[in-house]
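Okay, so subunit A shows up in both of these, paired with subunit B first and subunit C after.
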Partner chain A sequence: MTLLALKAISLQLRDKTLLNGVDLSIQAGQVWGLIGASGSGKSLTARTILGLPPKGALVTGSIELKGTALLTLDERAWCTIRGRDIGVVFQDSAAAFNPLMTVGDHVAEPLRWHLGVSQARARQLALDALARAEFPASIDVFARFPHELSGGQRQRAMIAAAIALSPKLLLADEPTTALDVTTQAALLGLFRTLADDEGMAVLLISHDVPAVAMVADHIALMVSGKIVEHAATNTIAPALAPRLADLFARSRPRPAGRLGETGDIVLTAKHLSYAYRRKMAVHDLSFMLRRGECLGIVGQSGSGKSTLARMVAGLIKPSTGSIEEGHATKQIQMVFQDPMGAFNPRWTLGRSIAEPLRRLTGKAVDERVVEALIEVGLDPTFAARYPHEVSGGQAQRAAIARAIIAKPDVLVLDEPVSALDVAIRGQILDLLDTLKSRHGLAMLFITHDLGVARSIANHVIVMQNGVIVEEGPASDVLAAPTHPYTQALVAASPSLYLRS
Partner chain B sequence: MSLFLLRRVIGLVVTLAVASGIVFALMTVLPGDPAELMLGTDARADTLQALRHEMGLDRPLLAQYIGWVFGMMQGDFGVSHTYHVPVANLIVERLPLSLPLAFLSLGMALLLGIPGGVLAASQEGRFLDHYIRFKTQVLLALPNFWLAMLLVFVFAILWHGLPAGGFPGWGGGFAAVRALILPTVALALPQAALLARVMRQAVLETLEDTYVVAARARGLSRTAVLIRHALPNAFIPVLSIIGLQFSFLLAGTIIIENVFYLPGLGRLMLQAVNQRDLPVVTGIAMVLIASVITVSFVVDGLTRLMDPRLRGRP
Partner chain C sequence: MMQRWWQAPGQWAGSMIIVGLVVLAGVSLLPWVVDPTVIKVADKLLPPSLQHGFGTDQLGRDVLGLVMRGAVASLSVAFVAVGIGAALGVPLGMLAAAREGWLNQAILRANDFIFAFPALVIAILLHGTIGAGMVNAMVAIGIFNVPVFTRMAFGRAQPIWTLDFIRASRLCGKGDLGIAVGHVLPLILGAVIVQITIQLGFAILAEAGLSYVGLGVTPPTPSWGRMLNEAQTLIGVAPRLALIPGAAIALAVLGFTLLGDALSGLVDPRRQVYRP
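For the complex of A and B:
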């Protein structure tokens, strides 16, 4: 039986058509993956189903939830449906919680609101919901505030709040994007369980094709406000769904080549340790980096990989140990995860990109900026733009331009593609690969995504709790991991195991 | 929490020490010799010298400073050159007027400003919002002494309903309250306007936050989300503005007290400046500085109580 049916949903906002005839129908117990690039209208679809479109938006078409036409409801009727019949999980769990309220009260809130039960009863029911979301029972949620929990725990609490009243429909908007792979896999499994055991219909919105493919029965591809293709996950064939098939093929990374140990050594790290508040973030780490080589550092959040990146880039000093540069090594530059946050919003991109060129002035600077922009595949006119005028992928290209403009020998990249869409992710990785071979750049590439590591790194180091647990050529380590931690990471990485 | 308190108390003492150092330094570099001021320019040199010695002005500067600070700790702010009574007595006499006036105006500013701001935000873009924004803009642009004169003109001269100035003392009972009505309104209105605008902006910003959308998604109505989620979060930044306003109301009464002939700290300060009565000026300055620092200490503590994210930090 059809639970949710969208018919010809269109949404206009200030003369712009953002949704253009979306048709979708979901049965109870099904998990649907809605994928598409950012700006394609996925999240907007969810907010329209929820009756919370942006201010001033004009919605046409019809949405039926179990036979009830939603778009004709008034605000009071909406308030009885949201939270009770439709549960929502948001992407950014750090922002989706009221910082002044305990986590437990967030889960109890819809129970009190919809059922009108006492606070004590609501709390009791909240604990049940938390247990269903597999939230650790040892945490006293009514004494803990959102900032005191990890991202994964917060996300589970948000799922608990969403399923507390056993809604028929669960909307999950990029629910695992900000999490590391093992947590991501566990949460995706939870959505599957909720659909199978409780008969919930789940609409999983994501730009991460392999992750969605792990749990969804059906996948719909959204482009420019319209669902252009959809198919059952196990029947995606190029003939029936060419764009989906192509996306699947592209999200399966091709492995980077193995490298002979021939390049000059540009950097040697010897027994690096870093202690923070008496805890060892990095403990006794040694490695070598050669010209033209990409060394991938993989591990979950908290494994110490970002601390390592900061030490190599010279942003923090190691507590003990040393980093020795090769005799020809002149410069180390860094690229950060969040390209927007890495630029001064009041400066043009050109001014930001030129910043490492402290000794040059005038025309020479402009020429170098244009050269760098062309090298990263951006039009020279981007020099005059401001960060908010470009997309995330373009901003990351500009960040790479800034990093290479002074012709560094070593590039430290801290999760440079994690914030980007799959399609753009591939382009940035290709760009980095080209730069590496063209200039013989040495790269230290920090990532939690093993698929990404396999497609760019020649050599990988797997880190856990600040120490190296495994290292070797990327193709060997990721194809046949020997350490249990690496094995767990590999098993939890959808992008490595995509069915063909 | 105790570590936080300890740090803040140390900070408080250091700030007071620095401020008193600056006040003392200004006092010593100012041209004019207090002894000469007291005796007149045609005083004899040996009388001057004797008075300087009596006042301790011939001691080294550091000794003078330490003596001054320790004196203040014991409530000795020196003796007024013009009134020849201890400065502390003068200040204590004036506080029962200035403190209630500051509290009354702050209370009125809060009562008008906070609901006004919330109302404007909840009606964003509609008539009431435009109306409140226009009114507050006008009130902010008015100098408060001019507003005070306008109030006197309307309520005292045209209507004869309220006194134009003066203060009968708290023994006067109801008359005392009546005497404070116009000064309170004159002080409070511009502050209320500022508060309303700040509160409106803060509420609008929190209404954009994801947790507000998330709460709506759990089924809460617009009003419930506003009260439960947006207001507590919007109030935290506004709290520090309120702290600044209290300091302003305590120290900024100088002009208003003169318009209304109120025997408060501000008027005492102005008279003392005119008569070059340095001990009185520095004494009042130190009292105001201490109260400003104390208020910001209290505001910091309240902010920590309200925001759990700050509680864990020393």
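For the complex of A and C:
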């Protein structure tokens, strides 16, 4: 039977229509994925279901939860529904917890509030909820404070608090966006288990198509405040749901990186180590980089990838070991993860792109900027724009333009596509591939996403806790990993999963 | 949405008060305006009239003229003192933000040390070498302002140094100075201007305080703080002699505070969409 039914939900805020006739119907025990680009109205839909639309918003249509019309309820009645019938999990688990309350208090709070049970009973039920959220019994999480948990554990604790009252509906707004792949896979699996074992309906909001596809029964695509297509994950056919099918196709990994002509050695790293506050971030790392080659460095957050990138770029000095540049190596440039943070907000893109050209002046600079913009697939008029006036993908193209304008020999790319939408990801990877073969660039490509590494790197190094655990040609390592850590990464990677 | 400056009432009122003060101070310096420092004991303690808008004091000087000329001392001390504070403090704060380690610690700890001394104590210390006077007040309030600007500039500049575009700039071969001038300074300039405006208000108050205790502007130059001092014994006879300079001080401080407050709304990073 239908648990949650949204009929023609529209939301207007200051003469702007933000939701435009959303229809959605979810059965008990189902996991629905609601996907869409940022600003498409996904989170707003969740807030409307919770009866928490933005101040001054005008909501029309109807929402029924188990036959009860929600939109006509007063605030008092809402308070009994939120938390008890609808549980919520937010994206930013650090902000969702009061730092002065223990995890146990957080989980017990809704129990005491809604059920009015005694402290001892609430503790019992909270421990039960933590167990249902699959916290290992070995961790005494109840008495810990939020900052003592990892991001993944905090997210799990938030799920425990959300399911403590066994709500019929669980809303999860980008619950795994900030987490790395293995943690993400475990949490997504938990949502599936809750739906299967407890008959909970789960609405999973995300922009990450492959991740949602791992667990959802149905996927709905939202564009400009409207659900334009929805389909069961096992039946997404191009004819029935062309846009969803297209998204799926695009989030599939690109064909493996081509190895063009490789040339001289441009960079040799010998026994690199980096210690920060007596902790080894990188330990005894050696590799070689040749012209025309893309070396992928793969690992989870905290594995020392970014430290390595900064050492190679010369931004920080290795504690021990050395980086030797080939005799013809003149310049190393870098592309960063967050394209917005990579530009001075007060500078035009043109001015930033021209920054590496320090010896040129006047017209020669403008010509080179236009040349670089065209090379990365941007219109020359982008030179006059400011960072906030362009999209993330365009900003990343501009960042690549800045990196290549002075014709560097080595390009260090630190997670260059992980902040971008899946659809744009492929375009940027194509661009980098083209630049690599056209200019014989040597690339050091840092990523946590194995699908990305597979599609661009010729050679990969897998890092864990600052050490190399496995290395070899990209196709071999990712198709048949030998080290348990690599195997775990491959198993948890949604974009590789989609392939099968 | 960003408010336009004339739509913010605080900014409007603040600007008007400050412009008014500057104009009055300027007018009082014109050669054909009656010199308020001329003593005419025969006219002492006259009530307000058409000839003497605010009446005269115990020495027969025109109180309106004294208040107008007093603004000259207040404003010049405030501007020079805050100028000293910003000119020394902002580069020091930016330097501390750019460097980690001993230099950063040395600047910040020296800063804390100076911050522990109020302007009044600095003025008493300087009194021995410079003597009382306008310069004493300017230097004392100036030194007091240095740590204010150092802290502000440090706090604003430090997070900027961790951003990726600074790293990109380094890879372009730019040094610390090039980055500080090209990237960091323009990004903190708005906050510096706000701080200058707010500190001008405090400096006017501090100048009045120093002149009141005799460490600031010396006779016969008119000063609001000294007018208050001289009015003390006559507070029962002619309360206006204390009320009028007191109101002038309050109004000047209010003007700069209102303007600073409204400006800070414009450069607040939480409200601001960066515009060229």
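To be clear about the criterion, the second predicted complex is superposed on the first by the 440 of 500 C-alpha atoms of A that agree within 3 Å, B and C clash if a C-alpha of one lies under 4 Å from a C-alpha of the other, contacts with A are read in each partner's own complex, and residues count from 1 in each chain.
One rule holds for everything that comes next: a residue touches a chain if its C-beta (ideal position, glycine included) is under 8 Å from a C-beta of that chain, and two chains touch if they have at least 3 such contacts.
Treat the numbers as computed from the prediction; the structure is a model and nothing was measured.
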Which of subunit B and subunit C A:82 touches, first, second, both or neither: first
First (subunit B), second (subunit C), both or neither touched by A:58: neither
First (subunit B), second (subunit C), both or neither touched by A:161: first
Touched partner set for A:346, first subunit B, second subunit C, both or neither: second
Partner chain(s) touched by A:95 [first = subunit B, second = subunit C, both, neither]: first
First (subunit B), second (subunit C), both or neither touched by A:240: neither
Touched partner set for A:232, first subunit B, second subunit C, both or neither: neither
Partner chain in contact with A:333 - subunit B first, subunit C second, else both or neither: second
Subunit A positions touched by subunit B in one structure and by subunit C in the second: none
Footprint of subunit A on subunit C - complex, ascending: 163-165, 167-174, 183, 186-187, 273-274, 276
In the complex, subunit A residues that touch subunit B: 50, 52, 75-76, 79-84, 86-88, 90, 92, 95-101, 109-110, 113-114, 145, 147-148, 158, 161-162
Interfacial residue positions of subunit A with respect to subunit C in the complex: 310, 313-315, 332-334, 336-338, 341-346, 348, 352, 355-356, 358, 386, 388, 399, 402, 406
Sites on subunit B touched by subunit A in the complex: 209-211, 213-222, 224, 228-229, 232-233, 306-309, 312
